[in-house]
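Since the structure comes first, as structure tokens, the remarks are kept for the end.
To keep things simple, chains are lettered A, B, C, D and E as they appear, and every chain counts its residues starting from 1.
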């Protein structure tokens, strides 16, 4: 029996997910023996052609990490979709947009202008910008096009499963790959992580007070965080209650609040909205100015509640003005 | 982003999704009806027992599904049938507005009003006022914008047009 | 209809014409057609009156004939007929909560003029309901037992009547009155319209029965401080002010009053609206209930300075009822229902300086005149001007502070009548010329027009016109030294100046000054004017939006004694209906925690009824369904989406939103 | 004794008149009148009016345009605003009176033998021409127009004014007259549509 | 304290004594008034009877000039001007259509109207901005024994002014008490004096004046104190005609600013008191040294 063919690919991402896969590959050499990795740009020299030549559906599974920001990423995602029986969105960026999706607070034009013209470190007197039809020494470069926004994989192609995390833990990945190989396929669309929020497995859980009430919010650098007490109880915005567990509570164990990389549970459409709802409900202020004063402790609500999830949230991105003035 | 600028047709009238609490504002809207007050027909009311039930997801989802504005109505502070629900809503609203502003939404898109069961006329005034403000702002049309955005994609985005798009990522619902 | 085979969901949709009310604006047939093609809809009909018996029968028949398992009715407000239709659905064997109502009358046909837009709206609202009802689950109501005791707040005629009715039916009643005696306004009147029978003759026996009745615990000089709980199970805290007299020991002999170091009554007497005087130790009026004196801490020498000879204590002797050490106390009681009958206050005539009240001594209010004509009043029933002489001409100005956008816009309903009553009494007592200046005579009650007739026959003059001003400057010799009324006689068509000796202002009724805080206390609503709001003027005229809290008498709006009593009886009957059934059916819109709860405890402090607690064993939150009142705050807040609320669950609301917006 | 017929027929009404008056800013509450007579009762001049203010409201409400515009009432109104302040329906009766005066002038059906409309017209002409009013000159014009004999009658007053140094014969005027005129008439230059003076 | 000053036509003519007393009194209290450049007639009641659009433009031009001049509160002593300017402001706020029309007219003169200028009466400013305490300090010759009937007239307190009650205003009463005078109970204080009719329909207009005078005499007032040039003229100038019709009702009517000036030690002449038809009786000689009463 031929070994199942597997592909790994990265789109808009930091490379951390690839790192996890490398860790994993070392970890499960035995498993590698069971599969045939036919595409893995970060580690091996395959070409796009190699995939194009395969018959449709020939790949048992593709693991794609990173969000879709360019036409090239889109093209590769579509190609892999066509060739694969199963597509797994791997990591926060592929899942909900991830850190790159914070760019959805700015228009493409703003981004290009800053990066290629206004950034203090930029030296570009000709104000040249990369574009699909850039020329260098008379040769057309055919660069990929920068999309108007960052998209999670599922907004571009059909995704079968998602492994969340920034990056996903090796344990989760191992469990997911094993399940796939053994044909223990969960329902299509599943996120392959526990559906209970992080607090359940948080080492600080026992310290949670029964009367969780906020008078103000602070960021971790504004106080000496007690390493044993629930961070929320200390007024630090911890996304734990609104975030899937399965991460091993690494951040909270490192005395940092959960920032939400595992995304919401299946019962929630919009992680940020839910966290906001809960925090506000438990704030004690009643007068408008008191309320606003308390929220000064959350100077960047979008960055706080949608650190990883802006592109995958209900509203997806910042909108441009709705009417001509 | 010129493609995103939407010019409303002359007859365009904004669609408002309103979440009214059962005890005060919903009853006030009933009173407006009983008193035959006239207001703009673009508003559609969803009844909740208390403004405290209003999950910010509902606001986002209404916008996401094509509302031009969202109106939230609750009992006056101190009058909540469940004593505190409206304060919880007030706090959500304050932060929500800031968050929405950061995402480019004008303040007038989402409005919170305390309207007691006796203030039928207030319903009329608020709906008409909000309708006028939204008319001045023009359509939000988030579904339209999303398909506009997606035109840069080589193929159709999965689940783009219809209701399935309501869920940001397709997922199984828990058993 | 493409309803079959949609996950087994079979929806019946009905749109009601409500005669012309809906169908006059909304094209019901068109709506039915458009809803009929939605997935899952098996039957879609429009019908003239859905709430009528044939309308309900239509529902029941369809359910059986088409095997429907979800019903949507688009008609009036659910606050009106939700119960009707749920019952109909249940009668046909369906779970009553597999039903959803759409409000296209109050929220559409009655408030919009654009027929096309209203029809479009009806379609959207109906589609939303159809999409939502698919998610409805079968639910059952829970029953909570009812505490049979009732609290009545306010001891005016309305409160007294409600208390007696309940007590006579064997219920336990607590009657809480703010003043030292019950009786309210009525106790101050001489006679009552339209029968002219003596107020005391009707009221005194009722007041005595209150005192004598074993089933009634009367707390005067007391106010409700706090109300907790909900229908069937209220815990009420009552603040009892010290009267410095032990109620159990005082026998009402009033020897202390005579013995008081103040030989003469010196202080304005509240009961006589300042027209008479009393001592620091006093009894509000001879028939007061309870017959127990009060000591006014602001006047009593002992209480103010601690240096009094305390002759009152000596007089009381071994009865030993006077107790200067009394303190304010808080008492807690448990009741199942509450009747609020806190009455009204009178408009302050000083707010209309044009009428000279407070400036010209012979301008009095109608209540002051009530005290002047009463034989037990400060003048022993003699109607006298301030200089002691009898008036030879008296003018009554009506609508003072009423029907005026600058003060109160409502009609106070009793002033026309009580002015005519007083006018007749003035003529009877003094033979003076009486002129009534009125805007419209409102005498619609039984026997009232006849009373107006009688006033005309008694020789009372009626001038139709709202008095412009009352002055003391004379232009003609007959005006010297008199109060001059300037008014347009609107029926004759010219302006007149009419000099009189005495002017009576028929001041209107206003909500009590503390109406807002009282309403908060009992979780009621007020109309914009400040009167307590009934749940529905016709369907539930003495109920409020809070179950188990009823209103009666003038706190709900101006009315006369017969109407106050009728309401009091109705409120008592409503309370009894709940008590005698023995339990409350609770709407099953309660919240529940799912197994997926992570135990973050965020929801625990949110519940106003402390229904949520943390289960140490499972390390998750749990909701006590019996305590949950279904506000949904916890469901809206749980950050991991682990709380559901029956009837308002996320998927129900999301599908409603979707249905509203997706044509 | 002369007997006149007072019955009114439907043809005596000018339908739409009430609506027209209600469209004037401030007059929209007219229909809320409850005919209480407070306005007439408080009005210092109602005792001279052919219709009391209340009746004026009633007449307007029923579209009796001719009766109202020909009446003396509106011209007797001294704009003291007592009625407006006192009306329990917050009807701005004084402004309704103004609206009626304007219409009476526009339609030319004000009572001719009455000096007040003449004063109003003379006043406005002087303002249009000079930008300001010189009272003594205005009064003289008025007396000349309306009743020259009255000038003789009030010689004492004029004499007194001279004695107290208040008799001003120098005409007051503003600097930018043409600017004001173009603002008022909407026309530039010329005499701005001022009615030609009859000498 | 700085104000724009809109004198109105009357203060340049029949009411010049008002201006003659207002200016020194204000200056004495440290209040600066700058006359509005090229102001025009407010339109009074007469213009409003002819054309409401033009009447609004007339008033609005003054408001716009005041704005242009720096936007200080606009002080106007004449009750008619005060009412007209305030009313125009009110209607321009309430009626967008009218405002558009007026705005258009103003733009022909490159003027603009934002609606911010406040229209104030000297009585309001003196009692509420300057304050009775500051006034009391300046009193060197208390009006002790002088019985004053405070007469506010109709248009100052109705219906757009908010600084005092429309039926029973008291600011001038309090001011007079501060000056040391005795205030008589004068229930006619806000009754119309009939000024707009005395000339045209004397049998009506003069009767109103007569009633006002009669009641002041009955209440034993030495003097009637007014706030408006038209009222003053009316109550002062027609005694002859009144006497011929109804009999003698002699009482002097002066401006409240003239009484203030007297209390501040100014001479009757410099306050324009010589311009009265019915002269005010000279004040009785002072019992105490003026210097004494000026020290608090």
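Just so we're on the same page, contacts are C-beta pairs under 8 Å (C-beta built on N, C-alpha and C of every residue); 3 or more make two chains touch, one makes a residue touch a chain.
The shown structure was predicted, so the numbers you read here are calculated from the model rather than taken from an experiment.
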| item | value |
| --- | --- |
| Chains touching both chain A and chain D | C |
| For chain E, the least number of touch steps when starting out from chain B | 2 |
| Chain whose Cα centroid lies at the greatest distance from that of chain E | A |
| Inter-centroid spacing, chain C versus chain B (mean Cα positions, whole Å) | 34 |
| Chain centre separation (chain D, chain E; CA means) in Å | 23 |
| Inter-chain centre distance, chain A versus chain C - centres from mean C-alpha coordinates, in Å | 58 |
| Intercentroid distance (Cα basis), chain E paired with chain C, Å | 50 |
| Residues of chain E touching at least two other chains | 167 |
| Chain B: positions in contact with at least two other chains | 52, 55, 57, 61, 88, 166, 174 |
| Overlap residues in chain C, where contacts from two or more other chains coincide | 354, 594, 596, 606, 633, 636-637, 650, 654 |
| Chain pairs in mutual contact under the definition given at the outset | A-B, A-C, B-C, C-D, C-E, D-E |
| Touch list for chain C against partner chain B, complex | 77-79, 103, 105-108, 110-114, 117-118, 120-121, 124-125, 128, 520, 523, 525-528, 533, 545-546, 589, 594, 596, 606, 608, 629-633, 635-637, 645, 648, 650, 653-654, 656-658, 660-662 |
| Contacting residues of chain C [partner chain E, same complex] | 353-354, 471-473, 475 |
| Sites on chain E touched by chain C in the complex | 165, 167-168, 187-188, 211, 215, 218 |
| Touching residues on chain C, where the partner in the complex is chain A | 594, 596-602, 604-606, 614, 619, 633, 636-642, 650, 654 |
| Residue ranges of chain A touching chain C (in the complex, touch as defined) | 195-200, 205, 208-213, 232, 240-242, 245, 264-265, 267-269, 274-275, 277-278, 281-282 |
